[in-house]
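Have a look at this one.
For reference, chains read A, B and C in written order, and residue numbers begin at 1 within each chain.
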Amino acid sequence: MSKTRASGRTVGGLRSLSLQAPAVTLLLLWMLIPLGMTVWFSLQRYNLLMPGMEGFAGLENYEFLFTDPALWRAMGNTLLLVGSVLAITVVGGVLLAVLFQQEFPGRGIARVLAISPFFVMPTVSALVWKNMMMHPSNGVLAWLAGVFGLPAVDWFSSLPLTSIIIIVAWQWLPFALLILLTAMQSLDEDQVEAARMDGAGPLAIFFYITLPHLKRAISVVIMIEMIFLLTIFAEIYVTTSGGPGLATTNLAFLIYIQALLDFDVGLASAGGVVAIILANIVAIFLVRLVARNLES
Amino acid sequence: MTTLKTKQAIPAEGHLATTPASEARARHTPLVPSAGARRVWLTLLGWGIALLIFFPILWMVLTGFKSEAEAIADPSLIFTPTLESYVAVQARADYFKFALNSVVVAFGSTLLALAIAIPSAYAMAFLPTRRTKGTLLWMLSTKMLPPVGVLVPIYLIFRDFGLLDTRTGLIIVYTLMNLPIVVWMLYTFFKDLPRDILEAGRMDGASTFQEVVYLLLPLTLPGIASTGLLSVILSWNEAFWSLNLTSSNAAPLTAYIASFSSPEGLFWAKLSAASTMAIAPILVFGWLTQKQMVRGLTFGAVK
Amino acid sequence: MATLQLHNIVKRFEGTEVIKGVDLEVNDREFVVFVGPSGCGKSTLLRMIAGLENATSGDIMIDGKRINEVGPAERGLAMVFQSYALYPHMTVEDNMGFSLKLGGVSKEERQRKVREAAAILQLEPLLERKPKALSGGQRQRVAIGRAIVRNPSIFLFDEPLSNLDAALRVQMRIELARLHEELDATMIYVTHDQIEAMTMADKIVVLQGGVVEQVGSPMELYHHPRNRFVAGFIGSPKMNFLAVERVSASPTGVEVRLPGGETCTVPVDGSSLRDDALTLGIRPEHLQLEPEGPLSGRIEVIERLGGVTSLYVRMQDTLVTVSADGNVENRVGDTLRFGFDRACAHLFDAEDLALPSLARHPLAGLNRQDNRAPSVAGGQ
């Protein structure tokens, strides 16, 4: 009798497993092989430009990496980029979500316009900003400055990282808006009305009702953006190429330089390991949050 | 407002008795116009900000209809629209090569991802085991691996297998890149289907295959479609792998547009025309699926 | 058409036993209702009969054949789900004919059978509609129609009325009873509502915590509950329970001391009674205002329903419900005395088991079918 049960379960389990097998196997390979190789290469002396020099390097690559001021510069840039974009998009996203939650004519279209930048491919948005917005002589911003009698700013040479931050924030603000607006719609209208009956003004409603309701969505936005922002690449690649100097080189771009320009596989891999560790610190929190949500 | 009106009607009552009727009206009437004024301000603010955010895209679209001379002239909304940039871009045969690469790679990887993910999501939603939740979370965590962290090995593997600068190579990468999101989204859509309906089908004598074909697929088609669209959007816009793994043969539009970044490519009108064509379909897809996208992008954590 | 037997059915989910050895006999053409509080295992039991859930152990037999390993569609059953589970993308006609389509029945035959079933349920005008365009009651009827089309040997109903509003529920209850007579089929019906159980069942199965507490006709459960749980579950308003003390016990009656200090003798068999602390159960409708009655208390709340007035009376530390005449003129705060028919009182021992009544109630053996033919009224 207990046999029927056991076999019943295994048959169901086997069927479930075999249906999942392709996806699971592929992802396992996709994760483990490159990950293993990255870790392995990071311990090797391996430069494609210097064949015959390969060999075990121990922690040499890491030593070199960590004593290289470029890494610290890149880390600093990464942090500044991630932090600024997060601040802009989260604060802006909350405010915009509140705005676009209000009833006004054409709200639907206005919303669609406001979230559009998120669907623009990064190379296009970077080039549009670089050429048509921020160009020191022909850009819209330079023209605007001229209208107000201000000197034009040469964005990418005098404020390179700020320029990158503006472009990336422009792409990700709509993401925050989209998520927060969706979260906002699940706010119980009765709760707001009850608060209003209790004498809460618009500010009190925002701080005591809306913001707490958005807490979870905000943390999701922060974590997902962090993971993507840590490895911003295309925007830098098409605008500044990491320069001037190292002014806009972030971790991702540094690894790219080491790997595909200097062909130093070992060093680039060590950088890759650092990037993976950084991303995983964030990922742990995100996975935990999603897991908690999966329970309910 | 009703109470105010009643009070006006009975001026003898309470403190209003001491207030002249005109003052009472003055306190009453502003309520209505201020609500209207609030609405006007809201409309202006909402549209103002929306247009401000949208402006770079709008400007790009407009620039696409300008001549190259007008494009770099002082910004102006008044110009004679011309299709010459579009003609010029279309005339360059390689534009179509890049566009075709984008289409093949985005749709190819999406179809492949759906084919792999549907059985998996079906099993997770309808034949859950104790490990299902763990598997889902693990899949999610593979998405957290920064691409730059595995750039070197993927590049070397692709070099050794002759996959560099091939569509097949990009399709493989994009399929794997989007697989966790596709599985996850399909899982949540399947999970939303009331269990009872599939059980009723089983009571009616449907085999697993019939259950999937007659009930599951038709009922979750909108979900599958929006999952597919999200995957297309993500593949279409992907720029890390396309820039690093392709050069000329398999380069999709992201890489093609990037080639305008060189100083000699200072043809803004053509850049704009090409960019407009590159983003237009995706923009429409994005508008159509914003609701479902939230689900996919946040792994169901925000509904 | 069909009989069903369950032998020692056990169901375990992840190690916890939710059905703990159920034995049951369902006769041909019987209307059996599984009733119990939520989580008692009644739906699980039904789903095992349907084949949607595997029994961990035990035998499920239809017409004497073990069908544990037979797939749900091959068992010859039809099920009506709580959520109706209509296929939202199919018309009413396609919904009802889906099983025939899967079974390879020709289109004409399908149409004929669907129309036949639709006629029974007055669904003909709705055949072209999709479920979305139907009201709750109509969806319910389509779900039943889908079951009828399959011409099953046993109908299974999983709380089919719980999503309807009160008025519709009463109407559907009557319609289901009519359908049972018209189709002359075996039906198993799951509900948590004891009124549905009382009004429709030939046989009620009271479940709690995965165990069958009692099986019997509605009147048997009402008049002779086996234990305190069944006594409290069947009947509305709920039976009152008073803590009493044994004075003396004999095979012809048990004398107890009531909360107020008075004593009375309940006509139950006390021959094997060991306990001193007992529970006296009296239904609200069996309590009357009686100036010399043995119970007394102060009215705390009065609910007037017109025909009946419910008095909530504080007797010591229990709040007792009394169903009084609609015209009683008492007020909240009045202190009154109550009496009760000793033969209608129940006595429970310390294990909450009822002591056997000395006399069987004349209607206890009454079946629902017996209501139809006056000649058999009174039963055996």
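As a working rule, contacts are C-beta pairs under 8 Å (C-beta built on N, C-alpha and C of every residue); 3 or more make two chains touch, one makes a residue touch a chain.
As the structure is a computational prediction, the values presented were derived from the model and not from experiment.
With respect to chain B, maximal separation of chain centres occurs for C (centres as means of Cα atoms).
Nearest to the common centre of all protein CA atoms is the CA centroid of chain B. Separating the CA-averaged centres of chain B and chain C is a span of 53 Å. Averaged C-alpha coordinates put the centre of chain A at 58 Å from the centre of chain C. Chain A and chain B have centres, each the mean of its CA atoms, that are 15 Å apart.
Remark: chain B residues 130, 194, 196-197, 199-206, 210, 214-215, 218-219 touch chain C in the complex.
Residue ranges on chain A touching chain B, taken from their complex, read 12-13, 15-17, 19-20, 22-24, 26-27, 30-31, 33-35, 37-38, 41, 96, 99-100, 102-107, 109-133, 138, 140, 143, 170, 173-175, 178-179, 182-183, 186, 216-217, 220, 224, 227, 230-231, 233-234, 237-239, 251-252, 255-256, 259-260, 265, 268-269, 271-273, 275-276, 278-280, 282-283, 286-287, 289-291, 293-294.
Note for the complex: chain B touches chain A at residues 39, 42-43, 45-47, 49-51, 53-54, 56-57, 59-60, 63, 72-75, 116-117, 119-120, 122-124, 127-129, 132-133, 135-137, 139-142, 144-157, 176, 179-180, 183, 233, 236-237, 239-240, 243-244, 253-255, 257-258, 260-261, 266, 268, 271-272, 275, 278-279, 282-283, 285-287, 290-291, 293-294, 297-303.
Residues of chain C that touch chain B in their complex: 14, 50-52, 71-74, 77-79, 81-89, 98-99, 102-103, 146, 150.
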